[in-house]
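A, B, C, D and E are the chain letters, set down in written order, and residue numbers restart from 1 in every chain.
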Amino acid sequence: MSTVESPDTNAPKILIITTIASSYTGANTVGQARAQYAPNTYIMRVPDPVMFPEDFYLRCFEKGFSGIIIMSSGSDCPYEGAYGRLSARVGRVYLTMREKGIPTNRLKLTTVCTVCKHAFLKEIDDMQKVVREQAA
Amino acid sequence: MSNLEPNEPHVGVYICHCGGNISDVIDVKRVATELGLHPNVVISREFPFMCSDAGQKLVIEDIRSGKINRVVIAACSPMLHELTFRKTLQRAALNPFLYEHVNIREQASWVHKGDHEGATQKAIRLARAGVEKILLQDELEEIQAKATKHVLVIGGGPAGLKAALNMAARNLRVTLVEKSSRLGGHLHELDTLYPSGESASALLAKLLAQVNESPLITVVVGTTVTAWDGFVGNFTATLSSGATVNAGAVIMATGYDHVIPAGGEYNYGGDPRVTTLPKLIEHLKTSAGKPLVWNGVPVKSVAFIHCVGSRQTEGVHAPQADGKVNDYCSRVCCTAALHSINVLKARQPDLDIYDLYRDIRTYGRGHEAIYEQASKNGVLFFRFTEDAQPEIREHTVVVKDILTWGEEVEIPADLVVLVTGIKQGAVGELIDMMKLPVSSDRFLQEAHPKLRPVEVANNGFFLAGNCQAPMDLVESSAAAGAAASKIAALLSKDYIPLDPYVARIDSEKCTGCEACIPECSYTGALFMNEGTKKAEVNAALCKGCGACVAVCAPRALDLAGWSIAQMEAMVDAMVTEVPA
Amino acid sequence: MKYDTLVIGAGIAGLQAALDLAEQGRQVVLVEKNPSIGGRMISLSKVYPTLDCASCITTPRMASVAHHPNITTLTYTEVKQVIAQPDGTYHAHISKKPRFIEEDKCIGCKRCEEVCPVYIRDDFEHNLGAKKAISIPFTNAIPQFPVLTPDQCTWCGACANACPVDCIDYLQEPRDIFVEVGAVLVATGFELTPFNAKPQYGGGVLPNVITSLQGERLLAPHGPFGRVLRPSDGKVPDSIAFVQCAGSRDASLGVPYCSRVCCMYAIKQAMLLSGSLPTADITIYYMDIRAFGKGYEAFYQNAKAMGINFVKAKVGRIRAGEDGNVFLRIERQEESSQPEEMNHDLVILSLGMKPQWNPKTLAWDMETDLDGFVKSPDAPMDPATTTCAGVYACGTATGPKDIVDTIIEAGNAAMVVGNHLARGNA
Amino acid sequence: MAIQINPKLLPDLMAYGAGDISACFNCGNCTAVCALSESGASFPRRMIRMGQLGAKKELLSAAEPWLCYACGECSQTCPRAAEPAEYMASLRRFQIAHLDPTGMGRLWFKVPAFALLVSLALIGVFGAFMISVKGSKVFPEWLFSNIVAYEAIHHVGMIVGAVLVVLLLMSFITLVRRSGILPLLKGRNPLGALLWLGKEMVTMKRHGDCEAKSVKPIPKHKDPRLIHLGIMWGFIGLAIATSLDFLFIYFLGFTVVWPARIIGTIGGLAMLAGVSAAIWRRVADPEAGTRHTRFADGWVLFFLWVLAVTGFWLEVVVTIRVQNIVHDWVLILHAAMAMELVLLFGMTKMAHVIYRPFMLLKYRLEQTAVGNG
Amino acid sequence: MSLSAETKEKLKRARELRGVSPELLARQKENIRIQKAILEGALEPISVPDLAQNTGISSEIVFWHVNALRKYDKMVDVKKSGDYWLYKKK
């Protein structure tokens, strides 16, 4: 079977991990405002990214994601202590990434609220630049 | 025909057009065809409105016919309709958690309008990810929390009083906690109420009498909530008195504060002839029909300036304490100001009154008549724009008046009344403690303005009155009634059904390493069973954050409905190629 | 038949109140005079301030009501009389209008509609679109039964011939239903102020002057033209005007009150228009912008930032120009006092709200206020109470209001009705 | 320089009849709906706002009140029922009253009882004057001529006439000064504007424009433009007839039926018809433009009507040459009322005969200046 | 499928009871004429103003019927041309 590959199939992909409480709603807000961004962005919804072990992120890179943005709830986080744990864990992921020679700017921990439209778009924009540089 | 074993997951996939909201951008037929190729997908359809009755019927019929036992719907945001379709599955007698909602509207068709191919491919990948996730999903059961038939109302203003009375009428016990020393809130400040003109004191007396009569309402004044614990159906509030209150639900009726003009705005604080509307109303209340005298000087002319502390623009207005301006409309001030003006004019017909506004927002029932009455009373109106604020001078106010084609007009004024807005009360600590969401205007955020207007996203919290947004008495009474109505339904049974998304442990895999224990922030939620030497979870106390999951080396811990395996399967689906 | 509550009107207010009551364990009979539940909201395009599509919020509620075990829904049915009983309950006489089909047989297959040769104006599309003399009211209608319009039918028999289940009944008569209820909730909603009330505006005469509800249909996903086109000749409009206060705040029309929703729906429609017609000029002529609700001011400011023109002027006259264009005469207030004619190719009159139904027709002691809406004598603390014991009201039956405020009021009404029933049982 | 507010002017203006104008919320509907409002001559709202702010000087010099023909469309469509048309009428009264150097004009419009008393008193005075001068047979001769010498009466009459001329002159100077017409005339030939004015006065085209835009078609018998043309041309006809009559009698010693009598009769009929229709419009079926008729305005119509009717009466009497005491009374009444009308000309609605053309001229000069500039 | 005897009888009774007004019949005839003219005039993609000019029917009425026919699958919109859409018989 011969398939014509769309340019998108090979385009670098970005995984966006969002929280139900804040950033997922924030991503909806962006949609409601009809702001536009590229479709190589895959939004994953979780109660809190604190659930992911370190190897989850490395596995994502291995499987084909070029960039990961973790949009946490930051100080708005409904779960006690979760943000601190998460940022510590991401710090450990960075160490492993360095060891493995993966540029650390391919993983970004940030905070996006339910109405943070501009922050959301800016993070995507920044990461698009990173993954395009990597691809080039 | 599918060659799946009967006990294997049979997935039905439904792609919603959402009118043209999705199908105008995404090739929904192609998405459905592509998903149909998945070995576990036995039905893959597209449909104009999945949320419509006909759409839901389609799902029900497919389930009832035995063709499918897992459902994936790619449509709008799950925030809107995940619950709708769970109920659909329930109607078809299928476990409602064997359902995955894929968002291809807010996060695909709406944001990739210019790239139909890219959006379609993304939709295919997201729908596939949904299929992979649901394939690994087990039948979850709702957790039933005990329903304590006791409600905590925080705030003893009219909204809190009204909510308490409503719930007492349904035989729910209520504890009403008021920070100040007396019930009634801002009703104490008011003279007469618009549009009826009735006396605020009389109304308050009536309400207080009803509250006093009710054996089910316990009033605690001069008290705050100092500690907060528990979950819907079983909250525990610790009061400043040291007492604790057990409640199944809580109504936030914490009210509002007046905006105090900041940084010498309109010379407020510096010029004794500049005051605010609340202060004028207080004066009206105490001066009982007498002509207006301010600082011992009889007043002949008054200028009212609207939108002080409301509808502010960055760069024009000084920011509030948190660095943001109040860009919202305070809703009640236009009518309140005009009502007070009419009261003044009735007392003192020869008083010259000037009203400087941006838009007169007498929107409510009977409000426009108040505006008209003010006009007929001879009040002279001036309209200014946000970028040309009126200027206070010696005994005059100067304004660039739109109604006079932008000419500068000099208005004589012995007294300037700033029509100040409303802001969120000083409840920062309380809502931090309760972890309640706040909107950009600092008021408490409802779960959805239309679907769940008086509920907070956090289970068991309800909103009544001005803590949610500025509203007048009629509106906050309605909000209090609506919140009470939701609680009457919530606490009507002996238990409250809760989402089952909590941590769970495969005790076979648990090595008893105890690494997870310090990760948990919720007392009693995760603990070591002394007998088995393995970790255990108390589902009613677990909040489902998943912090413990990440550190479990043998992967014995997982979050029900959000397992790492599911997430990994989704990642794999997202990166799998889509044929063009 | 006995129920706890009779809810009159199955718009968003009636639906929400019925659901809340049913969730509290009350038996509700919900009476709707139209062939489908859903009210005005189901016909709207999107709703402010979140820009959710109206159907997305209404249809699931409609489905929940239709399937709720505690709710009996009677559509195409009118309340004829409500009589108070000495024990404080009410007896209601309800009349079910003939759809001219047997509902227990009909499978909603639409074959009758396909074959019917008579094209008539579609009231759901506010006459912009067409339907057949027998047709299902609209795509998402609940129930999915067709209705035959007898005074437009030529009795040709085509529908009966095509019906696979032989459910057409050409001689169907109205049917009486009697119910006993503990309380009544009036949620009868609004209608637009008359289109032609101000002859200076050419409403109903100039084809490119349309009502705001027609504007909603133009913008709705399944609208009559499939896209935004003007009615006179199908041109893609390039310059669109909204005339605010075209039916409210105007003593000369007998509607001195503010209809509360028109500013916001006009801003919303303007935003949607600028989304679907990015190059079009859109102007809103207004007296005061009343963006008073939560998030509304930000919505208004967004619209301004999007390039929608806001002109403070009350439109005086509207006249026909060339090629279907329309001229609006205004006083240029913000610059000088000079009058000016503005050229647009589509004009939307932001009409106001007046009560859909006068409860006095039921000859009970329920009063309306000067504005014609149901009187709320205890308004500050009990907005749902009426002058009639055991009868409550909510939504736009008690005055103009938007969906957010209506839904909150409906929740409150459910509480108050429930309290009334609880008192009765005690 | 910022505009200074004078809040006391509006209540004063309202005393001239604009009783509802405080309800105005400045929406601009009146200006937008008005067929005659235009760039450089925008009304009624500009005038209303000036009134609200208390800009008395602007109001007294404005031509706009005279550009309005009270079609009533603004009042019919006013969202606040503020009656802008009536406000414009009040401004006309206000201007007229403020032109009267005696200050009586203000009382005349604001206090109906005053107007009634003055009116009746003057009829009495002029009646007495007539009786004494003409030596009527109504009363014994001694009653007047014995007490007051004919000469004395004559002299008083002369003095009153002189005072009247001075007052009218003063009014006219004030009018010219206030209206600000002089700078407009500087360095310009007013002939074009005068021609335009003449044409406008003959046809009242602007009045017609105003009605052409009315949403409801106006029946001919209620058409205010026709009514006004009838009154105006009737008046002019009568004036011509009277002058001719006077000339013929003076030079020939007798009058002739054509043209004097015929023009007079036609003029009289036109005026009678016009005035009757105007009264009927106000009494039988008042509309936006007519429902607020003030005593001072009704007075003019009443006087004109009585003058027309008594005029015909006398015409018939002269023609059939019948003499009796009733006819004498009618003659005295006719003459007395005519005299009163002339005397009060400057402070009543009659002044519009000067005001409107004058202000139309100013308007034309302004508009053409704008056009040229 | 043909009408059952019972339905036939009901139809006959309905005709007797309610009747069909001459205005309704005339309108129906006119509508059929207009729709025929529109469909015949739209064998190739055409705009509403052109269709109106060709058929001599006012563009407002043409547009209403074009949408009626579109709704019932007898016409389709093809593409936008200038300020107008082009419609075609299906």
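FYI, a contact is a pair of C-beta atoms (placed from the backbone, for glycine too) under 8 Å apart; a residue touches a chain by one contact, two chains touch by 3 or more.
These numbers were taken from a predicted model, which means no experiment stands behind them.
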{"item": "Third chains touching both subunit E and subunit B", "value": "C"}
{"item": "Chain located farthest away, centre of subunit C as origin (C-alpha)", "value": "D"}
{"item": "Of all other chains, the one whose Cα centre sits farthest from subunit A", "value": "D"}
{"item": "Contact pairs, highest-scoring chain pair", "value": "B-C"}
{"item": "Most central chain, Cα average position", "value": "C"}
{"item": "Centre-of-Cα separation between subunit E and subunit D, whole angstrom", "value": "63"}
{"item": "Separation of mean Cα positions, subunit E and subunit A [Å, integer]", "value": "55"}
{"item": "Distance from the mean Cα position of subunit D to that of subunit B, given in whole angstrom", "value": "67"}
{"item": "Distance from the mean Cα position of subunit E to that of subunit C, given in whole angstrom", "value": "28"}
{"item": "Subunit C residues counted as touching two or more neighbouring chains", "value": "50, 52, 249, 256, 333, 336-337"}
{"item": "In subunit B, residues with contacts to at least two other chains", "value": "360, 372, 383, 403, 439-440"}
{"item": "Where subunit A touches two or more other chains at once, by residue number", "value": "32, 34"}
{"item": "Interchain contacts (touch definition) - all pairs", "value": "A-B, A-C, B-C, B-D, C-D, C-E"}
{"item": "In the complex, subunit B residues that touch subunit C", "value": "18-21, 48-49, 51-54, 56, 76, 80-81, 84, 87, 91, 158, 162, 166, 169-171, 193, 196, 198, 203, 207, 311, 327-329, 331, 359-369, 372, 383, 402-403, 405-406, 439-441, 443, 448-451, 453-454, 468-469, 473-475, 477-486, 488-489, 492"}
{"item": "List of subunit B residues in touch with subunit D within their complex", "value": "301, 352, 354, 360, 371-372, 375-378, 380-381, 383, 398, 403-404, 407-412"}
{"item": "Touching residues (chain side subunit E, partner subunit C) in the complex", "value": "1-4, 7-8, 10-11, 13-15, 17-18, 20, 24-25, 28, 31-32, 35, 47-49, 52, 59-60, 62-68, 70-72, 77, 80, 83-85"}
{"item": "Contact set on subunit C toward subunit D in their complex", "value": "198-200, 245, 249-252, 256, 287, 313-317, 329-331, 333, 336-339"}
{"item": "Subunit B-facing residues of subunit D, complex", "value": "1-5, 7, 10-11, 22-26, 49, 52-53, 80"}
